[in-house]
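The same subunit A turns up in both complexes below, where it pairs with subunit B and then with subunit C.
Coming up: the complex of A and B.
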């Protein structure tokens, strides 16, 4: 394994788009070659060394390459975009579009991640140890298909539109979510261990959502079909009793989506 | 002199029947047919507070300069910026907005318009779902059920109800108001709600749940009983509303900012559009937004056909990109992701959140406006604006996306420019000269 360490040193007064920072691009390159890769700030491109100090060479292949960002980079976007293998470790907070469209490999963010993390990802895994914002694993604006494979794990909270248009893969949120969690999903699995505010599973036509906490405002188009206990989806376990709903009948489909809601925290439903 | 059939440059209604009598000697104007808002705007053409001289701010002091000096300084600000932001307001013609978009593309900056702080979510909803639309005339002649959802038309677009919506006698609605059922969905008891036959007084921010429940009922299912408490509307009333819609010959739904700017934003619009699509299995139904400014729809049309996206365009990489929340006005300013601004025909400082307005006031700003406002005060260069539909010709897009060509009844007060389009073309020439030098 070869580690490439990037330490933020530059002026991030305007946000930087660094879609070149992926193990695929770093593989087979020397420190110097990596430093010459171009990133965008405003309408101009600058070498990576204008913003980061670079240490270490890339591995022989993407699998052998680990990128370690040693610091907070909330104003750097698109790291790990479309990556297919290897590892990215961010020892701080990350900007928008982390790992969007990624196909494989692993991203670990030790701090918070901004919106659009794992947008339309197809494989691999993202682990956010802090909180994240909107559109986690969501579809791009106007698209109906979001994340289709892989796994996103968030230890903290997410905000709105988690997993919008999900067609496959898993999203596990340790904390809470707000609005439109699992909007228009037709496959895959979303597990939220905390609470949700409203419109969970709105317009869903397939897939599974599990809410371990309380739903403040339930989506109208769901019908209860029974109670199940101790849910298990491969290695993801959801202990306790859950009310099982199907829907969303608000759209003219056959209600093939499944929504599990914790019995203990939602007595009123 | 009396001029007839003048287009009103205020709200999205773009009324085309205004009659004015302009007395240039005594500087008075008499306006017929326009509403209060329209009349006030027409008075601007003879007002005393009109901006007539370009100004620049030098060492904190504002001074009057020649047009050429002001344009030179404006070009300097925009060319020297690393990421200039263009806000092409909607109170001017499509022709001027088009030049503005081309400058933004040339300099690689983001460009946005009033839709971003107005009906942007509606446009995003249309992008998600598609829209069953109709021109205002279709709805006037056919609609026997009118729904005002989240809009107080009587006060925000005063002539809508009398010109298109409720009162006019249409071909198939010959008795006017008596041939129409009027429903208002609004958390407040507005004059529009008082004038309607049925007022669904839902709880604030529960539009999505109500639409979702109506849709569930339309699909022959029973909505979850919790929806009564969430929306504050009994399920029996929802069922009655759906039946009324199905039994009508033609339902025209008009949405306002109450739908697109309450919690859920474009998702509210998206499900409303889907509901309308499904209602067309039972009857004719169309939906339209009551747009706020005379040409706010124009920017969406223009940007869509020129660059593929309706607003919030970012030309940073040389090709247009679009992501509301990232490339839109308020977000760019809040994130301090631009370092200069060009604001045309929109008092932007007055209309955005305080944090964004504060940053906008900090960065160098060029502004085109007709009257003093917070934006002109915060600007480094102020270029006086020409009033569209009064002093120059051009095109607006009406609320139903119908282009309306307007002609002037008087001339531009400035010998240096004929219109905002002309001003922008002069500015673009100076920008190009600097960049290519």
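Coming up: the complex of A and C.
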């Protein structure tokens, strides 16, 4: 295993588009070669060393390469985009589009991540230890096909559009979410341990959503089919009693999605 | 010398001159094809060695949706169509993006790379003509024109009801001039008007609400007036019930309506020399036959109904049609047929848009993806090819995808490969749903088109059909110096290697427009001047005056003022009116 350590040193007044920072691109490169990779800032391209000090060489393959970002980079976007293997560890907070479209490997973010983490990802895993914002594992704007494989784990909260258009894979949120969680999904699994505000599972035609907390405003178009307890989806466990709904029947496609809502926290349903 | 070029030793395919792969030279002087270049001209002329290559007239697309309000709605509602398909700017080209609904610049470049030089926008709503012209003006590389949507126009429906054909003719001629458009488009006649009330029509003799005219009345009147006015192209008809299982019957019956209408295009133009009669004799031009040829009675027993239509087309001489092929993959469905789009929304649940264009027409847009795994889509793929392969005489058919409805025009090379290579078709059968085999007869069809037929359905016939063959779609003396040179050696062509056919048609070795090389192996090398064609029809001044009184009186119900209604010529790139002589 080879570690490449990037320490942020540059000026991030304008956000930096760093889609070159992936184990796939770093593999087989020396410190110097990695430093020469180009990133966009505004309308211009600059070498990576303008923004980071680089230590260590890439491994023989992406699989053997670990990228460690030693610091906060809330204004650096697209790290790990389309990566297929290897590891990225960010020892702080990260910017938008972390691991978007990623196909394999692992990203760990010890702080918070900005919006669009894991957008349309196909495989691999992302673990965000802090909070994240909107469009987690979601489809690109206008698209109806979101994340299709892999797993995203968030220890804190996410905001809106979690897993929009999900067709496969799993998203597990330790905290709470706000609006449009699981909108238009037709596959996969979303587990939210905390609360949601509204429109959970709107227009869903398949897949499963579990809300462990309270849904402030429940989505019309769902029908209750029974009560189940102690849900288990492979290694993901959801203890407690859940009301089971199917939907969303408010759209012409007559959804076959499943929505579990905690009995304890949603007595009024 | 600008616009002067010699193309040496290519294998030339010029169907209008019955030239089928003969090795010969083509000379172009000042943008026009000439017999030869003088010694003085030859001295500093650009010479292209086309040895071992295929030379055709520049491609002509007589049915595409590339400019105007609904295309723009498609662009706005589909950011996901843009972010993965883009091109950077170069010193001479703009940047651009969009796969099924490209920006105007990208659209022009992509057409040019494939060897196309002329494209007609197939649906211009009158109130959106200005917008359409603005986009056509900004579309580089292509000579263009547009068809005016008139199948559900309130004035016309009223005149048809009253039987006042003279006023209706005066209205159409005035509208063509006012909106600088070229021919008549008729979309779901009588049905789109009913859609304003949440209804449609389902039979040719079903009168619509309020106006009480039937689709039959409208098709009959429009085709008659079209010939009375001498318009260069036949009425471009999008039949009723489109996209519904079993719609092939109403399509065939619609085609029967103008059987006895005699084609009388009458334009004051100078015709390029052609061996074959370059004038059309058809009174109706059916659009996207595939979408109008659904068989069965429901999605369960859905099947191809193409044969019912092609049998009829083979038996008669007054119909020409374009195919509306489905090459699989992303598409954006956009049509003047609002109710058809709503039906698709109910079917797919996708985002969609519908517009009511006041007293004139309607439209709708919806993103669509044709999947090889989907039974209906697979049959549609087969049907689009059936349309072209079952019509025995290639002069009755035109290859299109109804871009971007069946798929984007950049997939044309793929369609050409399926038409030329049975192996290409059989390989696709292996990949797609078995309904393609079971619900169509394409599997048993062994016909393989040759380059002459491909040249016919992609340039000669589209140009002839719409009356542009006086200068387009041929390399006859006097024609525009628009040439496409493909890296295909007809003597060595192996159609089983269809991938190489696709590659060759994707990027023409040279695209030449008006004697100037504009694109070379997928790279745009020059931005040529472009022309915009429209029909300038003169009618009886009294009829026009009487008609205009009606229009002005009614105009208080329009959301724009009468004086702002016309599209001035300044909205057109090199406006090129075609003088049309109406019957006196």
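The rule we apply is simple: the second predicted complex is superposed on the first by the 269 of 269 C-alpha atoms of A that agree within 3 Å, B and C clash if a C-alpha of one lies under 4 Å from a C-alpha of the other, contacts with A are read in each partner's own complex, and residues count from 1 in each chain.
Throughout what follows, a contact is a pair of C-beta atoms (placed from the backbone, for glycine too) under 8 Å apart; a residue touches a chain by one contact, two chains touch by 3 or more.
Predicted, not measured: the structure shown is a model, and the values here were computed from it.
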Overlay on subunit A: subunit C relative to subunit B, clash or fit: clash
Contacts of A:251 with subunit B and subunit C, given as first, second, both or neither: both
Comparison of subunit B and subunit C by subunit A residues contacted: B
Partner chain(s) touched by A:199 [first = subunit B, second = subunit C, both, neither]: first
Subunit B versus subunit C as contact partner of A:222, first or second or both or neither: first
Touched partner set for A:1, first subunit B, second subunit C, both or neither: neither
Which of subunit B and subunit C A:13 touches, first, second, both or neither: first
First (subunit B), second (subunit C), both or neither touched by A:142: both
Location of subunit B clashes with subunit C - one stretch out of 40-48, 94-102, 130-138 or 184-192: 130-138
Doubly contacted residues of subunit A, that is, touched by subunit B and again by subunit C: 140-142, 144, 203, 251-252
Subunit A partner contacts - residues on subunit B that touch it in the complex: 82-83, 107-109, 124, 127-128, 206, 208-209, 212-213, 215-216, 219, 221-224, 226-227, 230, 263-264, 267, 271, 274, 278, 315-318, 322-326, 335-339
Subunit A - residues contacting subunit C, complex: 139-144, 203, 205, 251-253
In the complex with subunit B, residue positions of subunit A that touch it: 13-15, 17, 40-44, 75, 96, 115-116, 134-135, 140-142, 144, 179-180, 183, 198-199, 202-203, 217-223, 248-252, 268-269
Contact set on subunit C toward subunit A in their complex: 77-81, 83, 345-347, 349-351
